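For reference, the structure I am asking about is given below.
When the chains are written out, they are named A, B, C and D in that same order, and each has its own residue count from 1.
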Amino acid sequence: MQEIKREVLVNKAKELLSDGTVDRVLGWKRGEFDYDVTPGVFRSAEELDSGFVWGDFCGANFSKYLVKETAKGEGRVLVFLKPCDTYSFNQLLTEHRFDREKVYALGVPCNGMLDISRIKESAEGIVSVCEEDGKVTADTLYDGKKTFDRDALLPDRCSNCKSKKHVAYDELLGSDGEVLDSGRFDEVEKLEKMTADERFAFWQGELSRCIRCNACRDVCPACTCEKCVFDNPDSGVENKAAADSFEEKMFHIIRAFHVAGRCTDCGECSRVCPQHIPLHLLNRKFIKDIDEFYGEYQAGAEVGSRAPVVNYTTDDIEPSQAVERGEQNA
Amino acid sequence: MQVNEYKPLIVAFCCNWCSYAGADLAGNNRLNYPADVKIIRVPCSCRVNPMFILRAFQRGADGVIICGCHPGDCHYTSGNYYTRRRMALLFSMLDYLGIERERTRVEWVSAAEGAKFAATMKDFAEKVASLGENKRLEDLRCKK
Amino acid sequence: MQRIGVFVCHCGTNIAGTVDVKAVAEALKNEPGVVFSTDYQYMCSQSGQNMIKEAVAEHRLTGIVVCSCSPRMHEATFRKTAQAAGLNPYMVEIANIREQCSWVHKDMPIGTEKAVILAKAAVAKVNLNAPLTPGESPVTKRALVIGGGIAGIQTALDIADAGFPVDIVETKPTIGGKMAQLDKTFPTLDCAACILTPKMVDVAQNEKIRIFSYSEVTDVKGFVGNFDVTIKRKARYVKEDVCTGCGLCTEKCPQKNVPNEFNLGMDNRRAIYIPFAQAVPKVATIDPNYCTMLKTGKCGVCSKVCTAGAIDYSAKDEYIEERYGAIVAATGFNPISMEKFDEFAYSQSKDVITSLELERLMNAAGPTGGTLLRPSDGEHPHTIVFVQCVGSRCAACEQKGKEYCSKICCMYTAKHAMLIRDKYPDTDVYVFYIDVRTPGKNFDEFYRRAVEEYGVHYIKGMVGKVSPEGGKLKVQASDLIYGKQLHIDADLVVLAAAIEPDKSARGLATMLTASMDTNDFFTEAHPKLRPVESPTAGVFLSGTCQGPKDIPETVAQAGAAASKVIGLLAKDKLLGNPCVAHSDEMMCNGCSTCEKVCPYGAITYQDKEFRMPDRTTKVRRIAVVNEAVCQGCGACTVACMSGAMDLRGFSSKQIMAEVDAICK
Amino acid sequence: MQNKKSENLKEQVLRMSGVNPSKCMRCGKCSGTCPSYDEMEYHPHQFVYMVENGDIETLMKSDSVYKCLSCFACVDRCPRGVEPAKLVEALRLCVIRQKGKNHMTADDIPAVLDDEMPQQALVSAMRKYSK
């Protein structure tokens, strides 16, 4: 259950719509099923009442939508931002990707959004999902009622939530949280401790399942290029479907490299990946390396901060040492 | 010499001001190093894009080495500092994906270090040859 | 598709010796885009270049690949040839099949195979070349000389003589450098001050030259023709334009025991001082580490005594920004430290001195007023031993000595020996040498005069040990020709210390992006053909900062550096480097990642209107590269995620084409 | 003047000592600093020169090889890092490795003994002078 109720969000949205501060609201609405929540735009109170959804499946990060929304040149848009979304909000602002005046940001506290694929692993044909005091029960067609412990359904990004603190908002609904020190690098360390062959086998297994649907790129708030190198025939690396295992690796290595130092670890890429490839482990590896080699850095913590990849000191470590560093825990 | 002695294919990106001049000096001094190393001249080591490195591996290279000026000597003041950070992260990621470490390398060679250039190339070629063919980053369609 | 001509050079036997040039030309014939492929004895010769011109006309070539020596040697030659043949000079690529192929691979088949691959890579690159025209950048008609020794002075005078304004930045309170500390100079034995001070006065009186003494360069930005330099004028606590240099304050100052670095600490000076009488600018300077007024606020004698009222205790360091077209490094040298040479007991006995300290002892303005006395007891020395090559030609360990020969010690030791024997005939002078190196005009005759006319004992052999005992210095040395071990009781031992570049040179080199060798001497663009230029355009080298040399060579090189500077400043505009970055408007996100990595600040942003497909206009923020400022390093092209930023002449597609050609 | 025998003798000395005599620039500092220069028939700079020229037998016959006190002053002060003392050590090994050729045997000691002789000198002598 989310700490803040749906009515609070809807009333606030209606209020801002009516007094003209905003002319449209970016919120969540019901997709195919209850748990299938997708972003939607609401322009009037009626639409809000009928369509607006707020619950345990509102995982979408709206920051990236603002790039296109604010370019539409209409009035201001109201957007609900969970704590981890606010970091992407700031990172996009640092890169001048949207006009801050065109946005009215409402900070919404969040205590973790559920990962439906974890329910689907053991329950077929889910009809509805409801929750009382920490227990989630899914009513299904074939397997009857299945109850789960809420924490077991949290995706990695929420169980290892890095910060409940809102770093950007015009107005905050509910209380602000704190930056948490989460075990988000444990998984990366586990991989690093494997031998090279094991790591190669692990990633070969994972990446070979990639169908290059580009969902991870299209949802990533750091991937907002006008034209991506992989779509641009002139770039020399242009490819649609990966015709060889090399191209799968190439796509994911280059994408991770392009967002290195800019990725706020919001976990959207893993959330939307239809093949459930743990893409966040790639980005986290870069974040872990950057923290270790060049000092703690959280992308999007404040607007205008200089990412480590576009910075240097005269006594950085040598690339050979960077790899040896892996030796200790390999 | 064995009949089908495996010969590694090595691409070396050399920065125009220091390491390319170091390579020339190695030539002037007639210092021998394996012919498998082919040099591409770039204005500065910071011009080398990770895409070029992966492209070389895709096309069948077995080792890629990036040579630049010693930190502090860069003709463009800060070029090699950026190379150092980019390649530190890239090499760490490649290692994370299980690619052999000795296939990629960054080396600082000044225009006066012809001997060091030849020795580095010889050492790198031997290490790559000992690893054998690049199986983990190869594109089967580009196989010779 | 381009129409490319491939020209494979034999370079006599340099290439043809280990690469089958005919086979290379043959192999390139059926490369895509190649319409003409031939080989010739010497492509860089006049006839070779004519061959290119004819081929361009005959085969209507649009691109040229020359497989020859390094592009650093003849790229310019073949670009001019292409231009003469009516082609854009940047449609030429060089395959380096000499330094990086024929000279380093002895075996013919391997060398040939590699040459073919390198040639194919060059062809692949030319296929994607586009005609480029170099941009122009203005030239600031003002030169900066860093270092005020004889090198800096001579360079500045020659530049000013050509009518260009020059600024000299000198860290010490006066210009003059090491030469001002010398007594006489070889080989003519005329007094250093007599030939130096007139030049210093010329500098002072020349209205084209500005002297920033007691100052240092703290930051250099920009590039040839447009260097933005920040100069820090250290607080002198004396107003330069008011002080008349009368020296009254230097007599009255109560703080008497400050080690005088001009006399290498052999005597003392006051807290407010003028280094030597002929100092230029003749202005006092207060030493903040010793002046009681500045440290405790209780004194102020100099301001009371000063009739001109030039003292200003509240002075602060001042920073000046200035723009220059050319910079000359003339940072000079220092003798190396003698601490590590315990075998000569330099730190145990005051009577073991370096040659520079001997110069001060023999100098009339020196601590002993010119009479040679032992620093320990002020007695007249009867037996003097000179030890050559102390720290020079020493490859044992870097911390102790230098591997190179310092070049000037043999001559100045002969000078010292001759002067001492001439002034004090009763002294015995021994010089222990490995070999005496006195090349050049009148040098060896000078050394022979020391031996034959003045009876200096030159002994081939090295001093093994000097042990101070009872006021005397027991020198133990080997005499290789006599085959004896000599034991001499000397009154004075003079070490001919090796010389090394000034410590400030390393920091300056980083600021100027000029490169240095392992001994911290500036690296010249080419040791034989361009000795006074640094590889960085617009930066020139004058004097010992480039390597050990004596005063005649320094003055000659200073004049050479000045002529290069004049050649540069005489131009109104400079042809820039056309291989600069440019951004593709349609793909640029305006995310200013590239701006952060640009070392020259060549990238700015503007909001531009774009017509979108649905007939609406949209304002987008895009990057704009100032092509006159960009130097073409390429850092931005990799920082740019979408690949909007690309480098002309080294575009991503071209480099990938080379990679493909190599790996095929 | 280099015949087959002296050729491999020289090669043996160089391998044992690890010294490269061609680095010597003939400055004579080793002899200049050698405390027992006067007792020696051939001096440190001559050791290096003679080994370089392969004239090993004369050195092995001469007594000066045993005059070296191994004080290593020459090694410490040689500007080219030639390490003459190591050559002396190698020459001594060549001498005692010959059949039956000990510079001094145990029973010669009492004759030479005097009470000020430090114990250490005796031990090092025995180590250096006999198999």
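Note that in this section a contact is a pair of C-beta atoms (placed from the backbone, for glycine too) under 8 Å apart; a residue touches a chain by one contact, two chains touch by 3 or more.
Only a predicted model underlies this, so the values are computations on that prediction, with no experimental measurement involved.
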Which chain pair is joined by more contacting C-beta pairs, B-C or A-C?
B-C
Counting in whole Å, what is the centre-to-centre distance of subunit A and subunit C, each centre being its mean C-alpha position?
54
Between subunit B and subunit C, the Cα-mean centres are separated in Å by 30
Subunit A to subunit B, mean C-alpha position gap in Å, rounds to 36
Quick check: how many Å separate the C-alpha centres of subunit A and subunit D?
77
Per-residue overlap in subunit B, given as positions that touch at least 2 other chains:
50-51, 55, 72, 78, 82, 86
Sites on subunit A at which at least two other chains make contact:
229, 235-236, 309-311
Send over the residues of subunit D in touch with two or more other chains.
none
Identify every two-chain combination in which the chains touch.
A-B, A-C, B-C, C-D
Touching residues of subunit A toward subunit B in the complex: what are they?
191-192, 196-204, 229, 235-237, 243-244, 246-247, 249-250, 253-254, 256-257, 260, 282, 285-286, 289-290, 293-294, 308-314, 316-323, 325-326
Under the touch definition given earlier, write down the residues of subunit C that touch subunit D in their complex.
343, 389, 393-397, 401, 432, 434, 460-465, 476-480, 483, 485
Which of the residues in subunit C come into contact with subunit A in the complex?
586-593, 596-597, 605, 616, 618, 621, 639, 641-644, 652-653, 656
What residues of subunit B sit close enough to touch subunit C in their complex?
9, 11, 16-18, 20-21, 23-24, 26-28, 30-33, 35, 38-44, 46-52, 55-56, 59-61, 69, 72-79, 82, 86, 110-112, 118, 142, 144
Name, in rising order, each residue of subunit B that touches subunit A in their complex.
50-51, 54-55, 57-58, 71-72, 78, 81-82, 84-101, 105-106, 136-141
